[in-house]
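Some structures to go through are shown next.
Presented sequentially are two complexes of chain A, the first with chain B as partner and the second with chain C.
Let's look at the complex of A and B:
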């Protein structure tokens, strides 16, 4: 089997107000179905080891996550190499339930924005209230990033993980890089590190 | 700029996260309708100054359709509600009546 590669070969931008990085290949499985259906819920929980996420949130187990995408869609994140096995487990758990589970790992890309000013970077590009009290770790948000669709969550207080379509990775990396350029912090929220 | 709350996923955002879907609560005229009724269904729209009802889609978010009641002059949003209805819910109509007494829109008031 061929070696999976990312869209930008792990591009990094480190000279701005936050570090923008293309993350290594990430396993992603889309699950569509009625999220109130007990078979669908049990299959998602079983394949991820994570709890069922509430509306607008993401839950995490040791090595997988479940993100709430819409009332009839979840995204399962797991190590890239584990996708076939987890997908099979998911299909088995779904049984006859009216649902669809698909490996979308190679259709998407994962980037990260890291640093005490990471909120500033995302807030410049997305129509989302990113103030520290409004968007917090555990939440999951699909939105518009500049001119394309994207989704993000915060694994920690100073880290964003951003999912976008693979064909748009260069664009997303570039707009994040511009939004993170040196000296461009907005300064409307207190610096969590206490600095200026 | 309009600030809308998607009633499906609960997200509040400005209009660029959504996509406008035209006038709400249209009744489809099919092959059984006469030419004039079909023409009206296709082309004749309200163009009010004030209370208006529209369809919107949360295109960059959960992807779902919903309805919005708003004022075309002030951009005030009176409320958003499910796509799965043929008329504005009473609670939305009551809220509009409080703010725009005597409002009329098509057959609704």
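Let's look at the complex of A and C:
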């Protein structure tokens, strides 16, 4: 195998109200199953080391995360190189349980939007209440970004991680940079750093 | 003449002079001016020409309701037509041009229409141009189109950017006047998240001009105090220059924010469209004053009393040195007082009312030495491009002139209409308030949400509360209602005590004088922008247009860009009088968003240029682009149609690629084909229902081609299914089909077969897939090494996992070309490296990438159908001779029952055949075969059509497929296909498989 490449080769936009960046390859495993099924839960927890996420949230262990995608779907995030091993652990944990686990790392892209005005950028593109009290670190949202599907969460108060389909990475990067253009901050939410 | 006063102007900054141009002349204004006030300050009273008669027109109003003062704003690509001078903030270097005149504003040839006004009544166009029919399209329409319309369309793309913004709140208050401020404060005290928006650059609305006191202090102080209190609350968002354009179901509001219209040199987007979800909405949108209908009420200098007051008090601008006030209510007296305060002359106040005793306002006017004539009105305004005098008459009479008074301006007031547009957008009803002579929101018929509860409340003047104390108490009540509706407790709230002068009641006046003859009525304007007069509405009523909606469309009353903000009430009152009915019986026309026009750019938001729509790129996109790809859109994907070499035509490139794939080795980027994983104990049963053929009998390690139909039996998708293990299948779909077939699967699983144990995941983009096609395909892969791909190890229609050249791959032995062919799937992040490796090992083997057109020709040579070419949503597999792919053993599959219907089994359905021209030429794609005689519509009978047609380089002739009546039984017959080029093509019906009929080449 050669070194895996991302869709945009790590593109960066830094001249606006937030920094938009394509992140390096990210391991992602889709798990479809009945999330009430104890075998499915145990397998997800076992393979990730993270707790079972509640609806609309993401939980994180040292090096992996579990994101709630729907009542019958989770996403396991881990380093790209660990996917085969974690997928195997997941399959083993699932045993005979009726579930489907598959590596989707290369089907998707991971981008980040960073800075005190990052909320503004996301709120221009997604029909989500992004006010500081309404969307907080630990939450996870599958939604629409401009004209395509996307999901995001906040590892920290000033950082968004955005997941989109690989083929649409350029589009998502481009709409994020349009939304982050200079002079476009909405000025509606307090600056989390206390400045501005 | 209009001019800037030496002092005054609460909104302007005289230390901040600005230069701007109007029709090329350099003019000066101040910061805080609107374009309208700055033009008046420079004695520019004539601002445009009317739509139909090209009459000289000036300002009538001072705000969003202005019908006349529309200009071209900006220059070049940034030019925008139909911009209202009254809502355009002045900035340094602003450039405006008047519109709708030729050759110049001062001298306009179209004004001849005004002389012909008698011959251009309502419905003139309908009556005049209906016969002879062909004349409309070729003679009348081109001429009318040239003279119609207001502004010019911009000539080039808009250089500005726009964006959307999603916002959520518990309570949204629309309107930053004193009612909006009070309602927002009340709601915010409950802890609710409140958004307060104001369409202008200033808070406080009309309150500072209308006077009165709140808790003993002047009302402008109160505005400042309220603002300070709101700004201190963390749960309140205040936004100026943001107009609520429309209210929709579920508390959805569109807000139009103008960010750089007043500061064009600043960075960032020009406008932002807010997409707001509010728990409860308060419309505190105020009221607009109505004109009076008297002859000559459109001459520049005749304006709403409130507008004349606004310009004087807000901008220190006098419309004229002598202003006659004409009114039917007390409010207009405030204008007289304001003008006198500014040192201007008010020779007379004409009050149409006859009161038993003087109202407080009248008494005050008289005490100030202003002449007041009760029961009087204007017979006619004199003047052309500006007012010179008014002729006074008795309101009760027919217009006999009693006296003529010279003046430069006329301030008119016909009363106030609450701005009920936003209240009405989502179903709020109105009631007619007899006392105040206006429509106001009916609280018992509020717009209701999904739970049946009201989700909009009106406050202040917008609710019909016309006096300061009532304005404030209605706003408090609305704030309490909104907070409670949004689930908050507002606690105990007090309304500050307000005082304002007593007012005598209004007396409705819909025509001045009451018995004006035709001569006067045909010069009394209702709709300024669309040139509709009292006499036009009366004519419509006489001709039977009794419904207000019909009369509106017949006369065009209220149909201009101002949507009748000034004219509607006067118009329907005129219609009511002409019909002999009451105003509530006539009712209003429908209020629709947007409240005032919003730009197309703001609606598009970010979706323009590169991001107009999402373009999907495969992992090999960059390679294609660097190697001459001519792109073909397939769904949202871009696929290479062909790779053109230097000096090569697209057609030649396609021919080269098609030949080479049959002779040597072709590579195709097949990454876009859909790949859907289906897993579970019931997966086989599920696929047996989805596909027409049997999938559950497929062995692991094998592939099978399958067809998918809709419930109605029509073919919707096809592709190869590979069984990965006992429980798992991988379904390939067409490029455009991945998402909707995935959705189709989920829908059946979630709604009908929810108890079947099946999971589905769309893994289309996880893999790059490369088709390695041609006689040298196996040799190339053997050079990569790592897997035994011999006929014995991996036979036709088999698949295997393995490692090729160090890449972890899955190899499918399938062929859509009829050649020896492998499709190799690899993780998308490795796709480019594998492609590069294949290009290297293929070098000695004659490798060439090929595009979608070569793919099409190769499959057509083999008679393989293509979804979207041979199918169009009305074609069933049986039409295409695909009966072999329909299982006879299964009890059911989606579409089976539909395919048994009589129409589906009709032997007269057109069936798939091959077509070969007698001349070797290529048939036009989509051409119809004609039969004998004519159909019921007098058209030639058709007996078939071409579904695919190509030049085949391998066969050296044109080949085609088509659907033909009784086609398979007519082999060898020659059909006629008239082309759109005038030629008739003759083609023979043949077998659709043109190449390698025995299918030996793929199975080697």
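In the analysis below, the second predicted complex is superposed on the first by the 196 of 196 C-alpha atoms of A that agree within 3 Å, B and C clash if a C-alpha of one lies under 4 Å from a C-alpha of the other, contacts with A are read in each partner's own complex, and residues count from 1 in each chain.
Note that a contact is a pair of C-beta atoms (placed from the backbone, for glycine too) under 8 Å apart; a residue touches a chain by one contact, two chains touch by 3 or more.
Since the structure is predicted, the reported quantities are computational estimates derived from the model, not experimental observations.
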item: Touched partner set for A:56, first chain B, second chain C, both or neither; value: first
item: Partner chain(s) touched by A:93 [first = chain B, second = chain C, both, neither]; value: neither
item: Chain B versus chain C as contact partner of A:115, first or second or both or neither; value: neither
item: Chain B versus chain C as contact partner of A:175, first or second or both or neither; value: second
item: Which superposed partner A:127 touches (first chain B, second chain C, both, neither); value: both
item: Per-residue contact with chain A, leading partner among chain C and chain B; value: C
item: Partner chain in contact with A:166 - chain B first, chain C second, else both or neither; value: second
item: Chain B versus chain C as contact partner of A:141, first or second or both or neither; value: first
item: Which of chain B and chain C A:27 touches, first, second, both or neither; value: neither
item: Shared contact residues on chain A - chain B and chain C; value: 127-129
item: Residues of chain A touching chain C in the complex; value: 1-2, 4-7, 25, 30, 32-33, 72, 98-100, 102-108, 120, 123-131, 134, 146-148, 165-171, 174-175, 178-179, 181-184, 186, 188
item: For the chain B and chain A complex, residues of the former touching the latter; value: 8-14, 16-17, 59-64
item: Residues of chain A touching chain B in the complex; value: 55-56, 69-71, 73, 127-129, 141-144, 149
item: Complex contacts: residues of chain C adjacent to chain A; value: 161, 163-168, 193, 237, 266-269, 272, 275, 277, 605-607, 610-611, 613-619, 637, 677, 679-681, 757, 759-761, 763-767, 806-808, 827-830, 832-833
